[in-house]
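Presented sequentially are two complexes of chain A, the first with chain B as partner and the second with chain C.
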Partner chain A sequence: MRNKKAGFWPYLLIMPALLVVMAVVFIPALNAVLMSFQSYDLRRPSEIGFIGADNYIKVMRDSLFWSSLWRTLLWVLFGVGFQFVFGFCLALLLNRPFRGRGLARSVSLIPWVTPGVLIGLMWRWIYDGSYGVLNDILLKLNLIDESIPFLARVSTVFPAVVVTIIWQGIPFFALMLLAGLQGVPGELYEAADIDGANVFQKFIQITVPSLQNTIYVTTLLRIIWVANSVDVIFNMTGGGPAYASQTLSVYIFNKANALNLGYSSAMSIILTILLLLVAIPYLKNLFRNQEN
Partner chain B sequence: MKKVTVFFLVIALCLMMSVGCKKKDDTSSGATNTPIDITHWYWADNPDYSAKMQQIVKDFNENNDQNIKVTAQEYPWDGGGYSETLFTAAMGGGGPDTAAWKLTSTPLFKANNLLANLDGYINDWTDKEDIEENLYNVMRNASGTDNIYVMPWNTQVLYVYYRPSMFKAVNIAVPTTYDEFLEACRKLTRDTDKNGKTDVYGFGMRGAKGGQEPWGSFIYGRGGDFTNFSTPQAIAGMQDFINLYKNGYVPPTAPTDGFNEIIANFKSGKTAMTIHHIGSSSGMVEALGEDVDAFPFPKGTSQWTSMGDTENVIFEACDNKDAAFEWVAYLATGKGQEEWCKTTGNVPVSKRVQAMPEFQNNKFMKVSIQGAPSAGIFPILDTTTEWINTIWPNTTAAALAGQKTAEQAMADLQKGLYGS
Partner chain C sequence: MKGRKNSFYRVLNLHIPLIILLIFLLFPFYWTFVTSIKPERELYGSVVTYWPRQTTFKAYKDLFFDYNFLKPMGNSLLVALLTTSLTLSVASLASYSFSRFRFRGRRAFMILFLTNNMFPTVLLLIPLYAIMRNLGILYTPTALVLSYTTFTIPFSVWLLNGYLSDLPLSLEEAAMVDGANRPQAFIRIILPVLIPCLIATGVYIFMTSWNEYTFAVMFTNEESRTIPVALKNLIGQLGVQWDLLTAGGIITIIPVCVMFFFAQRRLVEGLTAGAVKG
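On to the complex of A and B.
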C-alpha cells in the first residue's frame, strides 16, 4: 500500500512540468504536423483546409528543396567538422599553462556569446565587395588584384557563410572539450610517459577516449543546432544570390515568411525526421559506450 | 406583498437611472480628459526622416482638439520585410492602430480582414477634394473591391540620378532614348586611374529586393510589359539587364546590392548613374552638392517607371477609428503632409501642398512630375510579396551569374507571379 502511494506521488509532482512541456513543445509540434497536411497559406485564407499528403508530394518534386537539402548536408559537414577540429585545437591550447590564459579563455568565447543576427551583419560587412575589410586586407597584402564580391558571387557565397558559422561555433567545442580535458587524470599521462609513449600516442590513447562522451554529446548538439540555424545565413545573404546559400532551414523560413505555412511545415517535419535519423543511432552509440 | 414588489421595482428603476446618468457623465468626461491612444507604425529611410516623423506626431498630439495621443513606432523597411512584420503582428493581435503602407500588401491584409473600410470616413471628409480622384481609384483597385482601405499619403516616381561632371568627362549628353541610356552606361564605365581596372561603373544596378522596380523600366524599354514576361520584347529587356552586368558596366556586387549599396556607390563616385526616387535627393545634394542631377528613365519602344507609393491604413482591430482617421487625415492633407514631404522631398498627394513654392521650384520634383505619365505599379496579386522578396532577386541573380538564360529567367518570373 505504501509502495503504491510512493508510485503515485512522483507522477503527481512532475505533472506541472509535464503540462508546461506539453503546452510549449508537444502542442506546437502537433500543430505543425497537422498544418503540414493542410493547404495553409495565409495569402489565401479561404482555401485553408486538409489536402492529405499534397504538400509532401510537392516538396518531393521541388528542385529547390533538394538543392537546399544537399547544401544543408555540406553546411553541417563542413560547419560542424571544422568547428570541432579548430575547437579541439583551441581547447588543447587553452589547457596548457601560459601567461594570460584566463584572459585568452574569456576572449575566445566572444564569437559564441555574440548573437547570430549580429554575427550575420558583422560578417556581411567584412565580406562586402566594395567596402569590406577582408578585401582591403587581401588587396594590401597583394594577394588579390581587385575586390572579390564574396557574397554576390554564386561560387563564393556558400564557402563564405560556412566560414562564418565555423568561426561562431569554435568556442563552444573549445569550452566543452576544455572542461572534459580538465577531468582527465594526470596519472594516465604520467604512466604513458613511463611507458615511453609520444605526444601523438598519448593523444590517441588517452585524450580522445577520455573525451569520447563529451565529443558525442557536443557534436550531436552542434549538428542539430547548425542544421536548424537560420539567423547567420538569413542576415548575411537571405539564402541568395540565386539560392546559392539557401539551406533547408533558411528555405523553410523563407516559405513561412511568404506565409505558406502548410508547405513550410511539411519541410520542417522532413527536416525533423532527418535529424532524428542522425540523432537516434548517435545516442544509442553513446549509451552503449557508457554501459561498456 | 404587492407593495413590497412595487417598492423594490421603484428602487431598482431609480438605481438604473442613476447608473445611466453616471455612465453618461463618465463618457463625456472621458472624451475631454482621457487621452485617446493611437499606435502608429512607420519606416524611415534615414535619421532625419525619423526625427521629422516624431516631430509631426508631437505637433499633432499638442494641437489636435480631441485629446488624441499618437505614439509612433519605427520599424525598418528592410526591402519589404516591414510588411511581413506588420502582418505577423496584426495576425497575432499585437499590431498597431494605424500604419504606413505599401499598396502591394493590400490583398494579403484585405483577405485576412485586417483593414478598416475607409469609404464612410472619406465621403464625410471635408478635405476629400484636396486629393485627386484618380488616386482614390488606385487605392480601390489595389483592394480588388469598390472600397477604399488605404489612405493616400505621398508618391515617389523613380528616375535616373546622374553625375553631370562624369557626363562632361566622357562628353555625352543626357540620354533621351533607351538606346542612348544603354550607350551611356557603357561610356561612363571607366578606368580613371589607368591601372587596368574599372573604378567607375556606368550604372548602379540594384539586384537585391526592390530591384524589380528599376528592372521594370528595361522590360518596357524593349516593348515588354508585366502581363506576360515571356514575350520576346520582355526577354530582350531582361537580356539588356544581364548584358550590363556581363559587360562590367555595373559593380560586380550588383546581384546583392540593395538600397544602401546603390546609394553609397553613387555618392562615393563608384557609379555614374543609379535609379531611385526623390526621397534620396536631399542626401544626394548633401553629399554631392551641385554635381547631381536627374532625368526620367528614357523612352524606348515603350516607357515605364515605378511609382513608389506610400499610404496609411487603419486596422480593423483599432478601437478608436474616428481618432485614427483624424491622424491619417492630418498626414494626408494637413500640416503632417506638408512637413513630411518638405523633409523627404516626396511628391505630395494634397493639391494644396503641391502648389507650394518649395515643391514647384525643386528640380528633382520637376523630374518626378515629368516621369509621372509613364509611372505605374507592379501587378498587385497575392503572390506579389513573395515574388518581390524571394523569387525576383534569386532568379535575376541566377540570370546575371549565367546559370539561366534571359528566356529561362523570364519563364520562372512568369511562373512565380502568375503561377504559369
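On to the complex of A and C.
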C-alpha cells in the first residue's frame, strides 16, 4: 500500500539524522572500546598506549567496582520497582473521574520536567542534618529523638538517594500507564461486572493483561535510564560517604572526572554490555513489531 | 444511605491516597520556593518555619546582580533553541521517510535510531570529550548542541513517526496527482498539519537540553556554562547558600513548566502512542 518504489528518497531523508547519530554515538562508542584497551590517564600522558586487557583485569580485581555494581542492581531494583508501584497507583487514581482531574494530572508530572541537578540539590536540602525539613517533620511526629544527617551516614545515605529516584520516576510511569488504561475497552469491565468479579479480580484479570505491552516497554526504558543516571546521586552525595551511595555510573563518572579515561572506558563498556543483555528481549520484540 | 456510604469509600480510596501522593510529589517544590524567599536569619535559625515569617526576594536579586545568572540562562536558551531546530529538522525528515516509504534496511535503521538511547551517557562522555577537544569545539555551544541533538533524535523520530503514521497517505497523493513533486507535497500539505506535533516534540527537545547536566559540566567553561552547571557552581567553598540555590532552581523550572503545560496534551499523546501500540 505504501510507496515501495521510492528510489533514493527514503535514504536521502534519513541521511542527516543518521550522520549526526553516527558522529556522536557510534564513532565515540567504538572509540571507547579502543580506549578501554589503553593506558589512558591524562595525568600520566607519557604512559598513554595499548596495554591489552589490563584495564579489564584491574576492573575485575577492583572491589569498588563490584560493590558499585551490586549497588546499581539494588538501585535499579528498588528504584524502578517502587516507581512502578506508586506510578501505577497514581495512574489508577488519575484515571477515575473527579473534580480538578486535569490540574492534578498536570501538576503530578512536574518532577518529570525538573532537571536532575535540581532534584539532587532540592532533596539534599530536605535531608539536611541541621536545617532539613524531613528531620523537623520526623521530630515533630516523635518518630525520631534527634536529627539524623541522612546523607552523611553510611547506613541512611543509600535509602535516601533511592527515595529521591523513586520520586523522580513516579510521574513517567503514571503518564505511560494512564495512557494505557485509556486504551482498555470498557466492555471488558462491564462483562466482568455481570460475572460478579470484584475490584481485585478485575485488576488482575483485565487491567494488568491489557497493559502488558505498556508495562514492558516502560519498565525497560526506565531500567536503562535509572541504571545510567548520574546527576541525581552526583549532586546529592557525589557517591559518598565512604562510597556508600556510589552506583557504577557514578563511579565511572568520578573516574572520568579524575581523568583516568582508559579505566573508566573499560567499566563503561562492561555497563553497556550488561544493559544490552537486559535490553535484548525488548529489541527482539521491537524488531518483530516493526516487521508487521 | 447507600450514597453516603459510597462517598465515604470514595474519599477513602480516591481522595486520601491521591492527596498523599500529590503531597509527596509536590512538597519538594513548595519547600524549594519557601526556602528561596526566606531571609538568611530564618533559614539557618533554630526553628524550621513552614511559611516565612518575613519574606524577601533578596536571593533572586543577588542571583541576577551579583552572580550574573542571566549569562548561563542565555547560554541555556541558545543551546536549547539550536538543539530544538536542528533535531526537529533532521527528525521530521527521517520520520517522514520511515512512515511513508517501505525500503530495504528500513527496520534496521529504525532499530539503530532507537538503540541509540541505550548507550550509557558515561560511555560516550569520555571519547566525545577527546573528539570535541581535537576538533577545537570543546567549551563552545556547538559541542552541547551536537550531543543533545543526538540524544533527542530517537525519541523525536519515535514521536513524529507516531503522528505521521496517523495521517492518511491520500493527503499528499492528492497533491502529487495535481502535479506537485514530493518536496512540495511535504512542505505544502504535511508540514502545516504537523505543526502542533512539531511544537510538542520541540517542547520535549527543549526540556531535555535545558535540563541536561552530565555533558554540560564537562563540555562547558565559565563562559559557556548552562543553567544546571551554574546551579551546581553556586555551591562554593564555604558551603551551600540555600536561598540562592533554591531561587535559581525556581527560575530554572518556570520556563519548562509553562511550556510543558501548553504542549502537554499532544506530548503525552505522542509519548504514549508508541508504548501503547508498540
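Observations on the structure shown:
We take it that the second predicted complex is superposed on the first by the 265 of 292 C-alpha atoms of A that agree within 3 Å, B and C clash if a C-alpha of one lies under 4 Å from a C-alpha of the other, contacts with A are read in each partner's own complex, and residues count from 1 in each chain.
The rule we apply is simple: a residue touches a chain if its C-beta (ideal position, glycine included) is under 8 Å from a C-beta of that chain, and two chains touch if they have at least 3 such contacts.
Treat the numbers as computed from the prediction; the structure is a model and nothing was measured.
Applying the stated contact rule after C-alpha superposition, one finds that A:I224 touches chain C and leaves chain B untouched.
Contacts of A:T237 after superposition on the shared chain: chain B is touched, whereas chain C is not. Of the two partner chains placed by superposition, only chain B is touched by A:R44; chain C is not. Which of chain B and chain C touches more residues of chain A is settled by the count: it is C.
Looking at the shared chain after the overlay, A:A258 reaches chain B, while chain C stays out of its contact range. Contacts of A:V59 after superposition: neither chain B nor chain C is touched. Within the superposed three-chain model, A:V133 lies in touch with chain C and out of touch with chain B [touch as defined at top].
Residues 130-131, 257 of chain A lie in contact with chain B in one complex and with chain C in the other. Residues of chain A touching chain C in their complex: 1-4, 6, 9-11, 13-14, 16-18, 20-21, 23-25, 27-29, 31-32, 35, 86, 89-90, 93-94, 96, 98, 104, 106-111, 113-119, 121-126, 130-131, 133, 136, 167, 170-171, 175-176, 178-180, 183, 213-214, 217-218, 221, 224, 227-228, 230-231, 234-235, 249, 252-253, 256-257, 261, 264-265, 268-269, 271-272, 275-276, 279, 283, 286-287, 289-291.
Partner chain B is touched in their complex by these residues of chain A: 42-46, 128-131, 145-147, 149, 151-154, 237-244, 254, 257-260. Of all the residues in chain B, the ones that touch chain A in their complex are 84, 87, 91, 107-108, 111-112, 197, 207-209, 251-257, 261, 264-265, 270, 382-383, 385-386, 389-390, 393-395, 397-398, 400-401, 403. For chain C in complex with chain A, the touching residues are 14-15, 17-18, 21-22, 24-26, 28-29, 31-32, 35, 43-44, 48, 86, 89-91, 93-94, 96-98, 100-103, 106-107, 109-131, 146-147, 149-150, 153, 157, 169, 182, 207, 210-214, 218, 227-228, 231-232, 235, 240, 242, 245-246, 249, 252-253, 256-257, 260-261, 264, 268-269, 271-276, 278.
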